[in-house]
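In the two complexes that follow, subunit A is the common piece, with subunit B as its partner first and subunit C second.
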Partner chain A sequence: MIRNYLLTAWKVLLRRKAFTFISLFGITLTLTILLVCSTVLDNTLFPQGPQRTSSNFLQVQRVKTVSADKNSTWRSGPGFKFLSLNVARLASPEKISFFSMNERGTSFLAGQKLINTIKRTDAIYWEILDFDFIEGRVFSKSEFERGAMVCVINKSTKGEFFKDGQAMGQRLVVNNQSFEVIGVVEDVPFFEDVAFADIWVPYTSSASTQYRENFMGGWAALLYHPNPKMLQDIKEEYAQILKDDLKTTDPERFAVCYSTADSMLERIARTFSGSMDEESGIGLLFTMLALLALGFMVLPSINLINLNISRILERSSEIGIRKAFGASSRELVFQFLVENLLITTLGGLLGLLFSWLILFQIDQSGLIPGFQYHISLHVLLYGLGLVFVFGVVSGVYPAYRMSKLHPVNALKGSV
Partner chain B sequence: MLTLKNIHKTYQTDKIETIALNDISIQIEKGEFIAVMGPSGCGKSTLLNIMGLLDVPSSGRVFLSGNPIESYKDREVARIRNERVGFIFQSFHLIPDLRVLDNVELPMLYRKVSAKQRRILASEALEKVGLQARMDHFPSQLSGGQQQRVAIARAIVGNPELLLADEPTGNLDSHMGEEIMQILERLHREEQTSIVMVTHDEQLARRTGRILRMHDGHLIGVAA
Partner chain C sequence: MIRHISKLIWNRKRSNLLIISEVMVTFLVVFAVIATGFYSYHKYKQPLGFSIERTWQIRLETGAQWQDSRDRPVLKSLVETLRQQPEIRSVGMTSIQLFENSSWSSTQEIEGRNVEYLVNMVNQEGPRDWGVELVAGRWFDERDVGQAYTAIMVNRRFIQTIGIQGDPVGFEFGDPDSPEIPPKRIVGIFSDFRQRGDFSDLTPYVFYRYDLDQEHRESMNQVHITFHQDMPAAYEEILLKQLKAVAPLWEFEIHPWKHLRENHIRMYLMPLILLAVVVGFLLLMVAMGLFGVLWQNITRRTREIGLRRALGASRSSIQLQIIGEMVVLTLFSVTIAMVLLVQFPLLNLVPALTWANFVVSSILAISTMLAIVILCALYPSLAANVMPPAEALHYE
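For the complex of A and B:
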């Protein structure tokens, strides 16, 4: 039976080339855009780069302070002092790492000004994140403790400074500090912001130690545990410390501090919701994304519904014949849905192909360094899910209309 | 086998009510070959549609093997049409996108019959109308007479008790019309299929067992 339905559907598609083109164009365009967006989202939510260990760590990236007289609030990243006074005391994480927010690094090479992104980290940072090393190594604990002038750079930065030559053991000057290159890693996509930088140096190599005194601004922490189930304990301990045992440099100015230890997803959700309390707004984020995807699919769906209804008018005779020879309304609905799923699947496959080509082009163009262009299993499943939803949504109403045609009128073609 | 009692059928268009059938009562016995005659618009096709359960009367009752049709749900009526009735239309109504064999198979799609069995049955039906060699052709590649023979094969593939033919020779020349009539006569004779045929051709009508004459929705005469 399905073979007969598919055969009919295929013939109809070939016979009505304009209809087929318009339908396929709409479906393909919609799915291509959704798949490209999904891939970017997928790479953000399920990182393929150094943050692939994200299920094992939490981040402390935002702090809100309120003064004792409640007249002054301050929202920013935590300062090094805040982290060392409060986060460093946490007992439940197995590893704690502090690192600076990205700062601009300026270099001059053969009269050319080069701008790069620098991240200052400790040695534990490299144990928590899983960088792909092309050559060399991370800086050791002793190098970190003695403030060694060493750095790890990414592949693009190696190309900028050393072209195709040897980078290991060479020195590069950034912000008037000279570092020895001890490792080269693959580029990190910008949306893996905990790991993203061009040059990583020990924070102990800073020219000034002023950063150690700042209670607010410019720093972040990673809280790691090998067992993801323990992350909840870390969150609770952190909340407890801030509530009951906050250590502050200025009890008047920073009397109360609000901050949370967030998973990667929670932190992304907070970016949208602006929330600083326990509820990060993940539900809101997913609702927004789902509504966005749905909204994006509504217009092509209405278009396809209209096309399908006009197609029904053309095929009323066939519907009448099928009814005359015993097709029930339910069987006709099923037939039409199979037909519609065929065209949406074709559109879906074209959408996949175009998405792959676009992502490949983005990757080749270097527009987003370190971008993983391949469509993951997640995205493939989203894509297939979307194709199915699209096919059913745009097919159900026309199929219902078709199944309710009066057989005599359908045979006469007077519908 | 099929009984129509006091059938009325009216169509309401805007403010005009058209009476298509007016108090029609007929009994069709198993194995009968009946012709329905009358001028255009007298209600012949409407009568055939009601006999074939494609349409419902405005009033009156239809009994199939003694059971009133109005007691059946949509799915059950569809099943009865599939298993017990076959249709032949004046304009053939073949699906142009399907091969001859796929067209003939169509009624069997709605039965629990394997693909292989469907092929065999469709092939046998085509053999009965002498078109087995054309099973892989498309309708557009056949003459009018051949297309009507395919339509007959489709109507008989499920071995129905009742065959309803609405001017089956109306679109054909006399030679092809004669071929079709001979096939119908053979089906009636050899398979004891009940046939109700609407026709304008007095000669063809006389070859059936009974002629129902209609005028303005009334049954005005029955001739044996």
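For the complex of A and C:
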């Protein structure tokens, strides 16, 4: 039966090519835009780069402090002192890594200024994140401990400094410090902000040790455990320490600290909800995203409903005959929904093709550094969901209108 | 004529209802985009209030939290070193960086009104060196040292916002909650200083005076150098070496104001352009959809049109009827949307949507919608006339 419906639908599509084109244009456009957005979103929520181990680690990125007189609050990243006094004491994570938030690095090459992003890390950072090395290696524990002037750079930075030549073992000068290149990795997309940088150096190589004294600002921590189920324990232990056993440099100014150890998703949700307590607002984030997608579909849906009604009324004599031979309203609604889903699926396939082309273009243009599109299984599933929602939303009302046609009128073609 | 058309529309209200809602939603989208564009343009047209020529910003990354007793002397020697360079005409400072969305804002009750304003700390000569225009009063000078009041300079919008009676120069205001803080006295009024760039909101703005020889609680992280003539980018390397020699533990980020401004404009326009492209495609989709629906409707009304032709209606009057129907439909949808939209300026829900913006955006959006609808109705209205009346009357 469905085969018959699909055949009829196909014939109808071919009969009025102009209409089919107009419908397909709208569907393809809508789904392309939604698919591009969801691919970018998917790559943010489920990273494919070095942060693909994200189900095994938590991040400490935000701290809010309240002074003893409760008059001043301060929100920023944690400082190195805060991390070494409090986060370093955690017993439940298997590995703990500290790294600086991105700094700008300035270099001069034959009078040309190069601006790069530097991240200062420890050696454990490289064990937690899964970088794709093109050549060379990470810096070792002993190199980290003695503050060796070594660095890992990404592919584009290698291109900037050394063109096509050899990079390994060469030196490059950033912010007046000279580092030896010991490794080259693939570019990291900017939205994987824990991993993202152009140049990675041991934080022990800093010219000054003042950073060690700052309680607030500029640093972050990763807490790793091989078993994702154990992450909940880490969260609880961290909350416990901050609540009952906070160590602070200034009991007046930093009397109380609020901070959480978050998974990727929770951290993204927090940037939208602004929440600093246990409830990160993941539910809110997903509700908002779904509402946005639906809101965007309103106009295309009305447009498609309008078109569908016109197309159905054109077929009123066909409907009249089917009704006269005893087809029920429900069967007709079902038939029309199948037809509409066929055309939305076609639009969806075209949309997939176009979004792939667009993402490929973005990738090639280098507009977003390190951006690598991955139309993953996730995105295909979203796509399928979107096609289904769109097809049903834009098909139900016209189908209902059609099923309500009176057979006698429908046969005469006067509606 | 309009009454007649309205009757025809009413008779086909069910199918027209959907067209009305489609036109209405499209109108709302078009209105939103035009209003955003108009507001941005309005802000862009306002003068920056200072000259970006030949000036570079040096951002100081001091590594640790600012300690006035330790860091101010370093800054002082840094500024002195820079002042000795023959290429450099003047050296200034601001505590908040330029062309960034960061700001230092303050809210205070003045003359019984809560006023929110942006603050920046500048050195005494800074504003004059950057071409800020003095409107009334005087620049900061040595007379402001050791007074019982804190000298401030404010922009014109600050004066307009509080609406001071009499001469604003010399006006003093304090914080009623903390009387121990000395009151602020306006010593001068400048036209504007739009620190956050061309597309930033227009706000009241206040300068505090920064003195390298006095203690300050706040950090000072930006030094701005103005040259006698345009300098090549390569000069930055020489500059950086000199800076490092004075303050080896600090990092420096150097950008010409011109680049900062270009970057600000690009960052602001990119999402807008993206939005405009998407909306452009949406409009194309709606236009094609409307075209299809109209075409279909006309085909179904072939007999009605044949009858009118047979009774002597001219081609142009039929065409007029079809386009007229669409125009009336559009105006009807737009009216409903306008009833909703007029609430925004009436209740001042979105400050950006002023009456001027509302009127201009309405006119532009309505014209856009009419143009789209008429274009869509043009071909179907011509097609309606193709069939001779005798044939049209038989058409099934």
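Just so we're on the same page, the second predicted complex is superposed on the first by the 415 of 415 C-alpha atoms of A that agree within 3 Å, B and C clash if a C-alpha of one lies under 4 Å from a C-alpha of the other, contacts with A are read in each partner's own complex, and residues count from 1 in each chain.
As a convention for this text, a residue touches a chain if its C-beta (ideal position, glycine included) is under 8 Å from a C-beta of that chain, and two chains touch if they have at least 3 such contacts.
Predicted model only: the values in this text are computed from it and were never measured.
Q: Based on the superposition on subunit A, does the combination of subunit B and subunit C result in a clash or a fit?
A: fit
Q: Which holds for A:A207: it touches subunit B only (first), subunit C only (second), both, or neither?
A: In the superposition, A:A207 contacts subunit C only.
Q: State whether subunit B or subunit C is in contact with more residues of subunit A in the superposed arrangement.
A: Counting residues of subunit A touched by each partner, the higher count goes to C.
Q: Which holds for A:R75: it touches subunit B only (first), subunit C only (second), both, or neither?
A: Neither partner.
Q: Report for A:L7: first if it touches subunit B alone, second if subunit C alone, otherwise both or neither.
A: First partner only, subunit B.
Q: So, does A:L304 touch the first partner subunit B, the second partner subunit C, both, or neither?
A: second
Q: Scan A:G26 for contacts with subunit B and subunit C and give back first, second, both or neither.
A: A:G26 sits against subunit C, while subunit B stays out of touch.
Q: With both complexes overlaid on chain A, what's the closest CA-to-CA approach of subunit B to subunit C, in Å?
A: 11
Q: Residue overlap on subunit A between the subunit B contact set and the subunit C contact set?
A: none
Q: Where on subunit A does subunit B make contact in their complex?
A: 1, 3-4, 7-8, 11-12, 15, 317-318, 320-331, 406-408, 411
Q: Quick check on the complex: what are the subunit C residues that touch subunit A?
A: So the residues of subunit C in touch with subunit A come to 15, 18-19, 21-22, 25-26, 29, 61, 63-65, 233-234, 236-237, 240, 244, 248-249, 251-254, 278, 281-282, 284-286, 288-293, 296-297, 299-300, 396.
Q: Under the stated contact criterion, what part of subunit A meets subunit C in this complex?
A: So the residues of subunit A in touch with subunit C come to 18-19, 22-23, 25-26, 29-30, 33, 103-104, 106, 108, 111-113, 175-176, 207-208, 210-211, 213-214, 216-217, 298-300, 302-307, 309-311, 313-314, 413.
Q: Spell out the residues on subunit B that touch subunit A in their complex, using ranges where they run on.
A: Against subunit A, subunit B makes touches at 49, 52, 54-55, 74-75, 78-79, 81-83, 87, 89, 93, 95, 97-98, 102, 105-107, 109-111, 115, 154, 158.
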